[in-house]
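Two complexes, one shared chain (chain A), two partners (chain B, chain C).
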Partner chain A sequence: MSTQNVRKSKFAKVSGLPWVLPAFVFVVGLIYYSIFYTFNLSTLDWNGLDPVQTKVGFSNFTKLFGDWVFWKAIKNTIVFFVVTFVIQNVLGYIFAAILHTEVKLATLHKCIVFIPVILAPATMAPVFRLLFSPQGLLQDIFNWLHIGITVDWLSKPGSALFILMIITIWNFTGMSFILYYAAMSQIDKEMLEAAHLDGAGNFRTLLSIVFPNCMGTTISLAMLGVIGALKTFDIPYLVTTGGPNHATEFLGTYIYRQGIRQAHLGYAAAISVILLVLAIGGAILMNRLNRVEGK
Partner chain B sequence: MKKSMVKRIMAIALVVVLCIGVTACGGSKPVEDTSTETSGEVVWWGWTPGSPTNEEYIAEFNKEYPDIKVTWKQTSIDDYDATIRPALANNEGVDAFEVSAGSGNGGIQVFAGQALDLTDAVKEALGDGYKDKLNEASLTTMTVDGKLKALGVGTVYSGNIWINQDLFDKYNVKVPTTYQEWKDACKTFKENGIDGFVQGAGQGAFNIDTFHAIADNVSPGTFTKAATGEGEWTDPAIVKALELWKGLFDDGIMQDGALGLQQYPDANNLFMSQKAAMVMMGSWYTSNTLPNTMKAAIEAASSTAEPFTMLPVDFPDIAGTGNVGSFFGDLDYSTAISATSANVKAATTFAVWLGTSQKGQQMIADSLNVVPSLLSATPDWDVVELVNPEKQNEAIKEYVENASSSPNNPRFASINADLNQSMMDVLAGVAGGTITPEDGSAQLAQTQADSE
Partner chain C sequence: MFELRSKKSKVALQLVLLIMTIPYLIPLVQMIIGSLGGIGVLNYKAVWNTGVVPTYFRNSVIISACVILLVYLFSMTAAFGFSKLHIFGKELYFWMILVALTLPEVILLSPLFVTFQRLHMFNTLFAVILPLAALQLPFMILLARNFDDGIPNELLEAARIDGASTFQTFLNIIIPLTKPIASSIVVLTLVNSWNAYLMPLLFLQSSDMQTVTLLPQFFQGEFTNDQTKILAAAVMTAVPEIIVYIVMQKNFEKGMSAGALK
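Now for the complex of A and B:
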């Protein structure tokens, strides 16, 4: 055995723990500690600063289940996820398919579709708030065309959520597009040619050959979508502040409202715990789907 | 014991020690005051009135106390609670911080636990008779459990509306004093492509102001009695006020889409860019009658318009009761000293100077941003120059005097955070038609009962 091999062998026997130790310490020390700390907070009635912390057991959780705003936030999250996921991915898939054909100025088109992803919601929120208001550009266009529609959609509980969905779809379709575009690039061209030889048209090929081959991407996007919907905060907070009358409340905005605005830190922590459970549940579900797909 | 086992135990022990170290980073320790009454470094947190005004206050303070370095750290009004809370909890970086009355941002009820008692400091500055020298509200609203937790800088009042007199003159519109006149005025402006009355009803705190003004018009004092628990939210006067509130939306007084806009920046920008003729703002808006302040506000609204003549007028008598001219007010902001500051003495010097000294309070008075806490400090009208002195001087002078001499009628001081949220929900719900005025008043009563 050469000297080099002896060194390699000793090196290989050293435990891997030291290598992962720094990351491990930070993960356990910060993330998991924070989770347990949040769970502990959820059993308190505390404003976050007062020296007196009152133990209330699980009453924050029982109160939660009778809180209509909490259920409204859950309902909004589900509707928001389903609508944005479907439309975003259908659009992303179509754009990706189109840009895999011989389109002129393809790079420019890719940039145009992707640019909204990199724009900060904080920058765009005031623009959208004015755009979808009777004092905005959209109203001016309607007035110019003599269309008798008042653009007061953000002020109506029935339409405000849909406006937020439109903004989100505009914001994140580029992400779906780029992932589908990458997935489509991986599909074996011979498979597509075989489908054409068998008489499949473009639509049939997209539906029966390309889409099944992009299933892994769809499931990944679904997982990101579930977690993203549960974490939704910036767009509703900046555009509607969760209103009018909680019509666009999400778990994130409600946690902020309860924890910061109303100084009910324990109650906000209880909502955070539920949010965590839902996020883990959603991720497990999507993972299962992914495994089934893999098999 | 095998070597590998020893290694594993050592590694686990190391992880535990490091984890404890990481998680213990936020631990507290007693802090020693390193400052004196005349020297030190003070970090002053707040949200109002904002740069460069705060720096101007500091520059004036430094003429008297050159060895106390004060650094102004500003956050937005909406982010203040979220930012200051961890800063105070970590015992670092906060020496003096702004607080407000009741359920506003930086509410004293929440932050009093982190603030020192300033009773002795104010006694030393103004003598035992300090209560006679300061605005009553500046003391009562900042006293928690018998301790003066912050020194008031100035009070703001609400209850009136502001009008763009130039637009009223241009379109020959009568300043509204009744419901019908208000409707007619808004209709005329709308026909000329301008919003009559504008309110960012998506930002609930300002809705409470408008509702309070309506309630005081219906039955003076009923709102405050209900908020303090001496009366009932189910009082017919409150129900009537909610009906009138809804009427503002249904009868075209509120601009279209009001519930989708914020008071700041949206409604403010519409008024400042002369796209709206009336707005519900309080005494803090007075500073916009100063040419430079108004120019800055107009520019911030992305407008190139010239400064215009804005005037405060009474909230119209929409209930037809004749009860007009109501003002309700609280301390806009006060200065508290962090209990864990390492510069307590220097920070106290600054807070006392700003809240009780003639020089500090005169600056506050002349800025027209708030009504100063020190009763002897009033705006020096020979120095203060307004956009349109001929039309504004007397009106603004009278307005400031009326506001500061108005009877005790708290704005947010008697509204706790839960009631505040409930009121915002009810007002948005009633305006949008999803809650009836009767159900709304019952909801307010329920919240009041729960929070008690």
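Now for the complex of A and C:
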């Protein structure tokens, strides 16, 4: 014990400040500056160019809480998170289970599911606009099968959000798959064999033995999902620009619409403050869950 | 995972896998079919002849390389300091950095927009490099510090006894030992900065400064909504990414899944 302390203290005496300071100044400087600037902006009525900035106190926030588009964006974020989280992880889990079994062309399947993860949403957006339009491949397939459906879902408020969820699920199943795949490699083979010997079927084993052993991964994915849902911007902005009639509005797209498009910097900053509170709150909540699970 | 005895069930599982995978292929097929509409392969020629594709790629390469360099340098040095050296109030500094972990980039929009305009940084690559690096650093520092914590202090002590300075210890012991986590950091940073859309959209206004993620928009203006050419450009952007992924498959899968470390 004492020798360890002596050993440790020798190196622990060297000041780490010069090693930490560059990163600290860079991150804290840029990000905290922006956060405080945002707080300040949120109390102004300003278009970003006008020399006159009008102080309005908290009126941006009171206006925000009465703004139906803001509530629509919150509702969309929640629905979006719940649906994509469940479907994407169920699919990723099944892919991982199948690819842990001896199947043919496993690497090819793995690549196809994982490629969407590395492609930029911005690159794929025009593809999805075409795919889900009457000129797209889906329409061709429906016509060929003589199914009388018109593919115009992106222009309908009722279905547009649903299509964005499909795109997101396409985008990130590979991520869930890779994580579950890694988690399943850690599971004791003997435990599975014992379960099979006891007469547990494949589905029973997957549900009552494999799934509980992947709990840590599921929590990690939930955390990624919450943060991802709050950050959502590229896909709704590029595929539907938040429309039709704000049906696919998210906090990110609304901030962009208000702040950049309409130059209501103060109002956009007020939405940013709420988003910031939600993001940090979400992180703390998830951290708690994680610790409970860890015990 | 599945225990299958009969031939029939093996075929069934293979079939389920195929049916599940096809939807993931459809957008890629659509991209290629769409890019070959109208004048066919000539779409690619038309896109290439505009001469902008290499410029957009060059800008994306410069931005990604700079972001990776900044993130690597800062995360490695900071993680070493946080993990192994003495800092008064260490956890407070660490915590202050971690708060930025979940920060959505869209929050930086208005402040940076106004500030970059004042500093005449609009339309420079720095306006994209700096915020991208700052946003990625908190997580990478966390990853690297967790990794450094696993390096036994005895190793560093041995180096010290041999007369190595702190800097030499960092260079000769920490850097080689942290290669696995460094490769994850590089891959994650590469994917995030190469795919970044919002920052370039906002801060890079002229087409000689823009990045590959802005190519579709450029061609929307250039070819007034000729989908075939926009998709040809999308294919030209996607193919190099897919090739890099396939060549470095293991690194990518490991790196991307490091993104979910608790």
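Definition applied: the second predicted complex is superposed on the first by the 283 of 295 C-alpha atoms of A that agree within 3 Å, B and C clash if a C-alpha of one lies under 4 Å from a C-alpha of the other, contacts with A are read in each partner's own complex, and residues count from 1 in each chain.
Just so it is clear, a contact is a pair of C-beta atoms (placed from the backbone, for glycine too) under 8 Å apart; a residue touches a chain by one contact, two chains touch by 3 or more.
A quick note: this is a predicted structure, and the numbers were derived from the prediction, not measured.
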Fit-or-clash call for chain B and chain C when the two complexes are aligned on chain A: clash
Touching partner for A:116 - first (chain B), second (chain C), both, neither: second
Chain B versus chain C as contact partner of A:97, first or second or both or neither: second
Partner chain in contact with A:202 - chain B first, chain C second, else both or neither: second
First (chain B), second (chain C), both or neither touched by A:210: second
Partner chain(s) touched by A:75 [first = chain B, second = chain C, both, neither]: neither
Touched partner set for A:288, first chain B, second chain C, both or neither: neither
Touched partner set for A:55, first chain B, second chain C, both or neither: neither
Larger contact residue set on chain A - chain B or chain C: C
From 7-15, 79-87, 115-123 or 241-249, the chain C stretch with C-alpha clashes against chain B: 115-123
Residues of chain A at both interfaces, chain B in one complex, chain C in the other: 15, 17-18, 24, 26, 28, 30, 33, 48, 126, 130, 135, 256, 260
Chain C residues within the chain A interface of the complex: 1-4, 13-14, 16-17, 20-21, 23-31, 33-34, 70, 73-75, 77-78, 80-82, 84-87, 90, 93, 96-97, 99-115, 117, 130-131, 133-135, 137-138, 141, 153-154, 156-157, 160, 166, 170, 191, 194-195, 197-198, 202, 212-216, 227, 230-231, 234, 237-238, 241-242, 245-246, 249, 252-253, 256-257, 259-262
Complex interface listing, chain A residues touching chain C: 7-8, 10-20, 22-24, 26-28, 30-35, 37-38, 41, 48, 91, 94-101, 103-104, 109, 111-128, 130-131, 135-138, 170, 173, 175, 178-179, 182, 184, 192, 196, 202, 205-206, 210, 216-217, 219-221, 223-224, 227, 230-231, 233-234, 238, 251-252, 255-256, 259-260, 265, 268-269, 272, 275-276, 279-280, 282-283, 290
Chain A-facing residues of chain B, complex: 4, 7-8, 11, 14-15, 18-19, 21-23, 81-82, 85, 88-89, 107, 110-111, 113-114, 195, 201-204, 255-262, 265-266, 270, 275, 417-418, 421, 425, 428-429, 431-432, 434-435
Chain A - residues contacting chain B, complex: 15, 17-18, 21, 24-26, 28-30, 33, 47-51, 126, 129-130, 132-135, 150-157, 160, 240-241, 243-246, 256-257, 260-263
